[in-house]
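In structure tokens below, several structures.
The two complexes that follow have chain A in common; it is paired with chain B in the first and with chain C in the second.
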Partner chain A sequence: MILRELCDAIGVSSGEDAVRDLIYTHIRDYVEAVRVDALGNLLAVRRGTGAVDLRVMAAAHMDEVGLIVVGYDSDGLLRFRAVGGIDARILPGTRVLVGPERIPGVVAWAPIHLNSSEDTVSIERLRIDIGVSSRDAAQNAVERGELIAFDSRLVELGPTVRGKALDDRAGCASLIALIQGEPFPFDLHVAFTVQEEVGLRGARVAAQAIKPDVAFVLETTACHDLPEDPDEPDQTTITRLGGGPAITVVDRSMVSDPRLVRFLAQTGEREGIPFQFRSPQHAGGTDAGAIHLTRGGVPSAVVANPCRYLHGPASVMNLSDFENQSRLLRAAWMALTPAVLERD
Partner chain B sequence: MEALITKLAEAWGPSGFEHQVRDLIRAEVEPLADEVWVDALGNLICRLGEGPLRVMSAAHMDEIGVIVSHIDRQGFARFSNLGGVLPASLLGARVRFENGTIAPVGVEHQFSKRNEIPRLEGFFLDLPADSGVRPGDPGAFVSEALWQGERVIAKSLDNRLGCAVQIEALRRLREQGTPHTLFFAFTVQEEIGRRGAQTGAFALEPDFGIAIDITPAGDAPKASPSAITLGGGAAIKVRDTRHIVPGWVRDLMIARAEEAGIPYQLDVMMLGATDGASIQLARAGVPTGGISIPARQVHTRSETALRGDIVAAVDLLAAVLANPIERPT
Partner chain C sequence: MPLDLTEHLKQLSETPAPSAHEGPVRAVIQAAWTPLVDAFEQDGLGSLIAVKRGTGPEPRPTIMLCAHMDEIGLIVAEVRDGFLRTEKLGGTDYRALLAQPVLVHGRRVLPGVFGAAPPHMSRDRKKYPPASELWIDVGLPADEVAALVRIGDLVTFDAPFVKLRGERAVGKSLDNRASVAAVTVCLDELTRRTHAWDVVAVAAVQEEVNLAGATVAAYQVRPDLAIAIDTTFGEQPGVNDDVSFALGEGPTLGRGPNFHPGLFKALRQVAKDHEIKLQVEVLPGHSGTDAWAIQVSHAGIPTALLSIPIRNMHTPSEVVDLRDITRAGRLLAAFIETLGPDTLAQIAWKLPRDNAKEERTP
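Moving on, here comes the complex of A and B:
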């Protein structure tokens, strides 16, 4: 299961190497012009049949949110900060792996009998315990600047999977599946990008190099569908698990091209592939936010897997949503022509 | 020009969904420009002349609006903002959708909260039955444009006034001629981050840029600190929060205004920014200025401006574009 391999690999933003190597092994027999660019994006071309003359870019980000070591206490605890958007309230008690040696640790927190209910969690007050008892021992084990990942492996829970880094290894896995399938009518320029979680950085330079006519981003997006409020059944859900892949209309980073939103929705309806619209709450942004503003502008769209408890060690994603992400994009790309982008 | 401003201000075009405004403007500019096209993100570009200097003038077509995020079982819609929607401006407002549906804006606990302004989450759209409106549908505020003496009161004077100013300047320059290659860009998505101007300026590769927009006047009771007055003439941008106009660009605009006796004032804008902020950063950089029209009640359904200031902005833009543009050595 490629998804399991990808999610269990560690690739906190700027340290995506292991994920990139893994993706490369799965796509190398299907692509040409493979290269790793200056920032670390993996770029390649899946040759098409040539029936359609369009420069199409597809992107999924390889990086995951994590932590970074910033210092030591005299008792050997590690100080750290977040890499990407992490809610400090989920951290106390969380198991982590520190640095390239994957040193196991746990996020320290006062035991419950010393804790008062007024305490709020700030990342500055949290520490990581790697089991050493002096600053020297901590310094010998771990360098400042080393990245820290959640210690969590993918497990199956009925129709769902639970794991870290589904955002966006699920998108990477879908893009791999799309590359491994039948060729499309056009050359597909794929970018597995770095540093999305810290500011859409890899995608910006990837798009500048690729110069696409149109771009599709395969993402994983927040889902807040539990608990269900009987009075307001889904007011703040963003997406619903099992409702199909989510098409973004608006987020903080982009207004999706309405022509592409319409085209994707029509494709889903025609092919009987479930989909939903991500509710426009303005929270969140994706690589498309950077891609659509490159050079003279790139009409762009996002198709995302709904995922509960995003940016944590135990995100939950529905497998049929995940499978329908690549089905929807395959059907759409098979039907994509320049006419979709014509204006009235 | 009154009829043009009325038509443009009443048109429907929230950020990212500007096509109806673009169609109206396109009909106006087709007979005037040498070439007209729509670029990848939806900016409408008009070229006039073919001189050696490439000059881009930009006015954004989009207006602030809302987008439906959720419709509950009773049919009430919750929404998110497109651009800087002021919660206080929502009380009693109406929103129109592209399919023609008009929904009044309601607020939770209407009377118990009368001394406070709820956040956006406290408001909802009172949709009629079977409206056809779905989550993801964008809406724009409804407001009739009124002319009263020298004043115009309307929604979306930000920035349909800028669009009208560009159209009138284009009309004049078509007659008078220009020594430059002029690109009038009617841009998309300014209110959500000056996005259309960013890609438009990359594609046009201008040597010189101008942004035409409105600027909030500082002469109403307890207005934000600004020396801009309604009736004080065209506002020549000195700086805003994302753009410091090169001194020679500002001085060139002042010189054109003084030569022609055009009323002007200097605009030191302490809040917000315009398309000029994006244009100046395109490619290797573009010397960029701004001409703005003073307005009150900005980002409400009753934005207010004066005819004399609008005319001054047209006069100044046409004067700048009809004359040589040279950086002093």
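Moving on, here comes the complex of A and C:
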């Protein structure tokens, strides 16, 4: 299961190497012009039949949110900060792997017997325990600036999976599947990007190099379709698990190109592939936010797997949604022509 | 075969057994103790009572070692739309459960997770969410969940035992499986030593709810001396130094009204004689351990408390120093070896003698 390999691999933003190597082994036999750019993006071309004259870019980000070592306490505990968006409230007691040696550690939490405050402990005050008991021992084991990942393995729950980094290894897995399938009518310029979680950094330079006419981003997006609290004014779930891949209409980073949104929805309806629209009411952005602003502007769209408990060690994603992400894009790409992008 | 402490503790830690549901861990402990003891007894609540007979003349006095084997957990309180709301079983800390993996013990074991809103939408990050907003997600359709999970089903932490740097390890339920492992170390040591007294090792149930196991086990065993073995707070940020103890500096020996001063001194002396690191833990009242219940069984039992410092108590990620477990086990064995026909008299309370003159006579 490629999804399992990808999710269990560690690739916190700027440390995507293991994920990149893994993806390369899965696409090398299908692509040409493979290269790694200055930021670490993995770029390649999946040759098409040549029937359609469009430069099409498809992107999925390789990086995941994590933590980074910033210092040591005299008792050997590590100080850290977040890399990407992490809610500090999920960290107490969380298992982590520190640095390139994947040293096991745990976010310490004062016992409930002696600590009962409901006020959130900020990330600056949390510490990671790797088992050493002095500053020297900590410094010998771990360098400042080393990245820290959640220590979590993918578990199949039935129709769903639980694991870390589904955002966006699920998108990477879908893009790999699309590359490995039948060629498309056009050359597909694929970008497995770095540093999405810290500001869409990789996608920007990838798009600047690829110079696409149109771009599709394969993402994993938030979902919070839990039982509703009648006193809670905001009942938005963002997406619903099992409702099909989510097409973004608008998010914090972009208004999707309406022609592409319409085209994707029509494709889903025509082919009987379930899809849903992501609620526009919540934060979050994707690589498309950077791509659509490159050069003279690139019509862009996002198709995303709904995923609960995003940016944590144990997110939950529906496998049908995941499979339908690549099905919807395959059907759309097979039908994609320059006419889709003609202005009314 | 020599005892592999790390492997033993891993098995103990990863076995799910919240209060009143200790069956799985009782089986693990019984298997580990069977080659080390002479007989097992039962009581009415399910504690495992193991007897290792001494070499002294009958009737032999008895020392009871008591380590509780139950763990904190959760029980399903509501099933709604395929999600599960829980209540605590023991002193579980919901603040350390957001986004954490769990196991739901329904008609089959279901891996799940405590749902945490993503940072994209959490509105108030200044407080931890109340228990009423915490739902477990087992990733199954609502009708399947309704068929597989009932109110009252158990929920335990899905947290592997992992070795850390040095001699430390992290795992769930090290409170109090670390102490059970210390008793195993002691029983293993005793197979290579002679002891005059009978030793009764109790893996007690239901400490985390109300000390129920120790209360009735002490009544049934009716020991002459008792030592409870539990965990105590390890030094860590956010915890007062007065009530926490360095990991790796030895177990702690309780001192205060819950403990017999003579027994305290005798244990401390044995640690000194054998150069076993030991810290003193001052407990001004209720120790919050089985020792509190044992001390007042029958006509009163001289009781001591040996504790192993752990960090992050009552989270899925308790941290222990393995050397402290070995030290606790060795100290218990060394102390048991010293027990003789005069021990009780030596530690007993003494009244002032009537004839002071006689006392001065050589």
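Keep this in mind: the second predicted complex is superposed on the first by the 335 of 344 C-alpha atoms of A that agree within 3 Å, B and C clash if a C-alpha of one lies under 4 Å from a C-alpha of the other, contacts with A are read in each partner's own complex, and residues count from 1 in each chain.
Definition applied: contacts are C-beta pairs under 8 Å (C-beta built on N, C-alpha and C of every residue); 3 or more make two chains touch, one makes a residue touch a chain.
Since the structure is predicted, the reported quantities are computational estimates derived from the model, not experimental observations.
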Clash-or-fit label for the pair chain B, chain C on chain A: fit
Partner chain in contact with A:43 - chain B first, chain C second, else both or neither: neither
Arrangement angle, chain B at one end, chain C at the other, chain A at the vertex (C-alpha, nearest 10°): 130
Partner chain in contact with A:19 - chain B first, chain C second, else both or neither: neither
First (chain B), second (chain C), both or neither touched by A:83: neither
Which superposed partner A:277 touches (first chain B, second chain C, both, neither): first
Comparison of chain B and chain C by chain A residues contacted: C
Which of chain B and chain C A:255 touches, first, second, both or neither: first
Contacts of A:299 with chain B and chain C, given as first, second, both or neither: first
Touching partner for A:10 - first (chain B), second (chain C), both, neither: neither
Chain B versus chain C as contact partner of A:31, first or second or both or neither: neither
Three-chain overlay, closest Cα atoms of chain B and chain C, distance in Å: 12
Common ground on chain A, meaning residues reached by chain C in one complex and by chain B in the other: 234, 236, 282
Chain C partner contacts - residues on chain A that touch it in the complex: 73, 75, 77, 85-90, 92-95, 103-115, 118-121, 125, 127, 129-133, 137, 141, 151-152, 155, 157-162, 222, 224, 226-227, 229, 234, 236, 238, 242, 282-284, 308-314, 316
Interfacial residue positions of chain B with respect to chain A in the complex: 15-17, 19, 38-43, 67-70, 72-73, 78, 80-82, 134-136, 189, 192, 195-196, 198-200, 202-203
Footprint of chain B on chain A - complex, ascending: 213, 232-237, 249-250, 255, 258, 261, 277, 279-282, 292-299, 343-344
Residues on chain C engaged by chain A in the complex (per definition of touch): 80-81, 83, 91-93, 95-101, 110-113, 115-123, 125-129, 132-133, 135, 137-141, 144, 159-160, 162-170, 233, 235-240, 243, 246-248, 288, 311-317, 319
